[in-house]
Amino acid sequence: MTEPIATRFPVPPLDKLPEDIRERILAVQEKSGFVPNVFLAFAYRPDEFRAFFAYHDALMEKDSGLSKAEREMIVVATSAANQCHYCVIAHGAILRIRAKDPLIADQIAVNYRKADITPRQRAMLDFAMKVSREASTISEADFGALKAHGFSDDDIWDIAAIAAFFALSNRMANFTAMRPNDEFYMMGRLPK
Amino acid sequence: MTEPIATRFPVPPLDKLPEDIRERILAVQEKSGFVPNVFLAFAYRPDEFRAFFAYHDALMEKDSGLSKAEREMIVVATSAANQCHYCVIAHGAILRIRAKDPLIADQIAVNYRKADITPRQRAMLDFAMKVSREASTISEADFGALKAHGFSDDDIWDIAAIAAFFALSNRMANFTAMRPNDEFYMMGRLPK
Amino acid sequence: MTEPIATRFPVPPLDKLPEDIRERILAVQEKSGFVPNVFLAFAYRPDEFRAFFAYHDALMEKDSGLSKAEREMIVVATSAANQCHYCVIAHGAILRIRAKDPLIADQIAVNYRKADITPRQRAMLDFAMKVSREASTISEADFGALKAHGFSDDDIWDIAAIAAFFALSNRMANFTAMRPNDEFYMMGRLPK
Amino acid sequence: MTEPIATRFPVPPLDKLPEDIRERILAVQEKSGFVPNVFLAFAYRPDEFRAFFAYHDALMEKDSGLSKAEREMIVVATSAANQCHYCVIAHGAILRIRAKDPLIADQIAVNYRKADITPRQRAMLDFAMKVSREASTISEADFGALKAHGFSDDDIWDIAAIAAFFALSNRMANFTAMRPNDEFYMMGRLPK
Amino acid sequence: MTEPIATRFPVPPLDKLPEDIRERILAVQEKSGFVPNVFLAFAYRPDEFRAFFAYHDALMEKDSGLSKAEREMIVVATSAANQCHYCVIAHGAILRIRAKDPLIADQIAVNYRKADITPRQRAMLDFAMKVSREASTISEADFGALKAHGFSDDDIWDIAAIAAFFALSNRMANFTAMRPNDEFYMMGRLPK
Amino acid sequence: MTEPIATRFPVPPLDKLPEDIRERILAVQEKSGFVPNVFLAFAYRPDEFRAFFAYHDALMEKDSGLSKAEREMIVVATSAANQCHYCVIAHGAILRIRAKDPLIADQIAVNYRKADITPRQRAMLDFAMKVSREASTISEADFGALKAHGFSDDDIWDIAAIAAFFALSNRMANFTAMRPNDEFYMMGRLPK
C-alpha cells in the first residue's frame, strides 16, 4: 500500500475548494505539518464541513470548566466504545499532548475504568459513556452524581455535548472509512 | 402542570439573545405559529445553536436524491431506536406533513419493518439503522445493497449523515429533557 | 394499497365462525364501529381466540387497584419495547381514551421515563418493563420498591400479569403481521 | 427447608377453590401422582387459571403437524433462554417422556444447537427462538426457511404460538418464583 | 446414531499417546468407569492437555475456603451462561455428587438466582458471573461485597480463577463440539 | 503515583518464590530488560503460574500455520473486545515487534475490520471474535469459511485455542487489576 486512502469518498483538489475551507485546511497544515484526514473527508461537502468544524470548535476550543485534556478524554473514551478508528487514533494523539502524558490515551481507549485518572474524571467519563450509549435513561440523579464532584450545570452540558458531537463524528468516520494519518500514532509519545 | 417546561436548562429571554438567533426564532414562530422547543433549548448556547441548525439545514433543506419525506423517515426511525421523545414527536409531525400521510410516522416509530414503505425505502432505513446502532461494522457490501436499489454514493452519504446528525440530536434532547411542544402531536393527522 | 390486509393468515368469513366468536366480533363492531384486526387474526384459531380474549378480559376488564388507564400504560410501554405495531397503535388509542389525555400514549411509547406520569406510575412501568425484558432477575427487592408506592401484592400481580400477557400478544401480532386498523390512529386525539 | 414453597403468592386451600378448578387439580393429581405447582400458583386467580390452561391445552393437546415431543422441545428451548426454573424442569420431564429419550431435555436446555435433533427440528427451534427473542424482525423469509423443511403455515403458527404462550408462562413463573416439584427432576430419566 | 462422536477433531488411539497422558486417561477410567470426553478431545494436543489439566487441578483439587461443591457451582453457573453443553452436563453430575444433592445442578444451570443456595453462595455466584460476563467492570466494591459474606482475598481469587478457567474451557468445548458422555446425565440423581 | 502497582494482590519477593518460577522471571527480565507484570501477578499462585505459562507457550511459541504476528493479532483483537488493559497494551507491543509494523496493533485494538490486514487475516479475526464472544453458535459453516482461505483444521484449532486462552487471561488481568508495564507503550513504535 504505497499511499493509504484518506476516505472512501473522493477528496476534492485543494484549488477547487471554497476559499474559507481551503484556508482552514492550509492553516491546520501549517500548524500541524500535515492535513488530518477529517478535513479532507468533510471537504467533499462544504456546508457540512463548515457546520461540523463550527460545532467542534464551539465545544473543544472555548473556555470551559473542563480542561482541554479532559475534553479529549471524553472523545477517546466514547470513540473507543464506538470502535472509531479515526477518532481514537487522532484524538488519542491530541490527548497525549494536552495531558502531557504519553500513556493516558491508550489507557482510556482500552478501559477507562483502569486509567490513571482522578475520581472526578472517572465520574465525568461514566456520564459521557451514558450519554454515548444509553442517553434515554439519563435522569436527574446523574446530574446529582456529577455535582457531588464539583461539576456545574455548564460543565455537565459540556460533557454531554462533547459525547453527543462525537456520536455524530464517530458514525461519519466509520461510514466514510476515514483513515487516521500515520503521523498521529507517535504524536505525544516521546518527551519533548 | 400548568405550563410544561421546554428543557432542563434555562431558556434565555428572547431580547437577550444574539440578533441572528432571535431572528431565526421569530421566523420559525411566524411560519409555524409556535416556537419548537429545540430552538429554545439550544438558545442557551448560541455558538452550538448556530452550528446545530447550520448542520441540520445542510442535510434536511438542500436538494437531494432523497425526498424530504424520506429524510424525515430516517429521523423518525433512528430517533425511535434512541427513545428520543422530542425527535420522534416533532419529526413525526413533519414526516406526516411532508409525506401527506397521517399514519406513516407512527408506523415507522413503532417498527419500520412493518410500515407502508417501498422496498427502496426499507433498504434506506435498514442502512440508516446500521449507521445509528453499529456503524463500526459498515462495509462495502452495505453500499452494494443500496446501489441495487438505485441509490447513488451521494444519496448514501445523505442517509448516513442524517442518521449521524440525529445521533447527536437525540443525545442532546435526551440529556436536556427537551420536551416536544404539544402542537406537534396533532400536526398532519387531519386532512387539509 | 386499496385495502390493507389485517393479518398474514386467512380471515375466515364471519358466517363460518362459531357462534360465540361471531357474536363477540359483532358486539365489538357495534360498540366501536369497526372490528379491530386482532379479532380477525385470532378467528383463524377459535380455541386460541377464546383463551386469548378470556385472558385479556380477566386482566383488563376486572376491578383492580390499577385504573384502566394505568393498565393500558403497561400495555403501551411493554409493546413499544417489543416493537409491536398492532399493540402500540391500538392500545395507544385505548390509553388516550381511558386517560382522557391526547398526549400520554405517544409519550409512553417513545420513552416512558419522560412521560407526564406520577412517580407511582413510573415505578409501575419500571417493574412492568422488568417483567417484560428480564423477568429472570426479579427479586423480593422489586416487590419492596412497589410497596413503597402503595401497591398491594394483588396490584403487583396485575402489573406482572399484564406485562406477561402482552409478551404473548406482541409476539403473536409480530408473527402474524397483524395490522392496526386505520381508525386507531386518531382515536382519543381530539377533545370530545 | 422442610417443605419447599410452591410459589411466592398464597395457595388457596383445595376446598375453597371453584369446582371446575378443584376438579382439574384432582384430575392431574390422579394422573401424575402429584399436583404440579403451576396449578397451585394459578389457583390464586381462578379466571386467569381457566384462560391459562385453556390456552395451554389448545396448543399442547390438540392434533398438530408437530409431534407432542416437538412441541415440548419448543417449550424447553425458549424457557431455557428465559431462565425459567419451573418451565425448564417441568417441561424437560414431559419432553423426556414424550420423546422417550432421557438425554434430549438437558441437551436442548443447555444449547439446542448441539442437541441430537433432526435438521427439521433445528429449523423449528431456530424459528421458535426468533419468536421468543426478537419477534419484531420476523419476515416472510422466515416462513420460507420453514417451508423448505416441509412445515405448513399451520405448523408454523403452532411453533410461534407455543413460543409466544411460554413467553407469558415463563414471565409468570419467574415473577411468582414458581418452584418445580421435586418429582419432575427424575421423570423420564430411567428406562421403563 | 450407534456411537456418538466425542469431539469434532480426531481422537488419537490410546497406544499412540505420550505415556503421561495415557496414564492419566487410564487412571480416570479406572476411577469413573469411563473416559470423560474432555480427556479424549484434549489428547489431540498433548502440550495443551497437560497445561489444561494442570490448571484444572490447581483450582479444583486443592484445599480452598470454597468447598468442592461450591467450586462446581461456579462451573455450572458460568458454563450455563456460555451455553456449554459438555461443561453443564459433566460438571452438573460432579456437583450433584459433591453436594450430595440431586436437584442443585439443574437449579443452578437454569437460573442460579432461584436455586436452593445460601446468601453467601449467591454472592459467590453473582461475582463469578461478573467475572465470566463483564470482567472489565470489576471494581473494589465487588471485593467489599464478598468480604461482607466472609470471603477472604484468597477465596475471591479462587472464585475468579475458576470462572476464568471455565471461560477457556467452555470455548474449547463449544469449538470442538465436545459431547458429554451419556453416563453423566444420571450421575448423582439417585440416592446411594 | 511514584511507583505504580503491578496488581491488586501481593507480589511475593523474588527470593521466596519456587526455584523454577524465579528462574523464569529472571530469564524474561534478562531478555526484555524488565519483568512484565503478568509474571508478578501470577507468582502469587505458583501452581497456576506454571499452568498458565505452560498453556501460553504451547500456543504462542510453537510452530504453527499462523505466524507469530498473526497469533498476536488474535490476542489484541479479542483482548480489546474484553477491554483488557494489560493484554491490549502488552501484546500490542509484541504484535508491533513481530509484525515489524508500528501501526498495526492500534488499528486492530480499535476496530480490526478497518485494519491493514489481508482478507485471510480478516477471516481469522472474525472467527477468533466468534470464539471469544459467542462460541455457543459456532457451526461447521465457520470451519468452511476458514478453509476457503486456506486454513487447515490445525490452524483453526490454533485460532480458537488462542482466543479461548486469552478469554481466561483477560478475565484474570481485569480481576487482578493487572497493570501493563510502562515500557510496553513505546515498544515497536520506532524504527530500529
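Every chain is named by a letter (A, B, C, D, E and F) in the order it is written, and numbering of its residues begins at 1.
One rule holds for everything that comes next: a contact is a pair of C-beta atoms (placed from the backbone, for glycine too) under 8 Å apart; a residue touches a chain by one contact, two chains touch by 3 or more.
Only a predicted model underlies this, so the values are computations on that prediction, with no experimental measurement involved.
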{"item": "Any chain that touches subunit B and subunit A", "value": "C, F"}
{"item": "Far-end chain from subunit F, centres as C-alpha averages", "value": "C"}
{"item": "More contacts between chains, A-C or E-F", "value": "E-F"}
{"item": "Between subunit A and subunit E, centroid-to-centroid distance (C-alpha), Å", "value": "44"}
{"item": "Separation of subunit C from subunit D, taking each centre as the mean of its C-alpha atoms, in whole Å", "value": "24"}
{"item": "Whole-Å separation of chain centres (CA-atom averages), subunit D against subunit E", "value": "29"}
{"item": "Contacts with 2+ other chains: residues of subunit D", "value": "83-84, 111, 136, 174"}
{"item": "Contact pairs between chains, per stated definition", "value": "A-B, A-C, A-E, A-F, B-C, B-D, B-F, C-D, C-E, D-E, D-F, E-F"}
{"item": "Parts of subunit D lying in touch with subunit B, wherever the complex brings them together", "value": "136-137, 139"}
{"item": "Contact set on subunit F toward subunit E in their complex", "value": "9, 44-45, 47-48, 50-52, 54-55, 58-59, 62, 82-84, 131-132, 135-136, 138, 153, 157, 160-161, 163-165, 167-172, 174-175"}
{"item": "Of subunit D, residues touching subunit F in the complex", "value": "111, 113"}
{"item": "Residue ranges of subunit C in contact with subunit B within the complex", "value": "1, 4, 80, 83-85, 88-89, 102-103, 106-107, 109-111, 114, 116, 174, 177, 179, 182, 185-186, 189-190"}
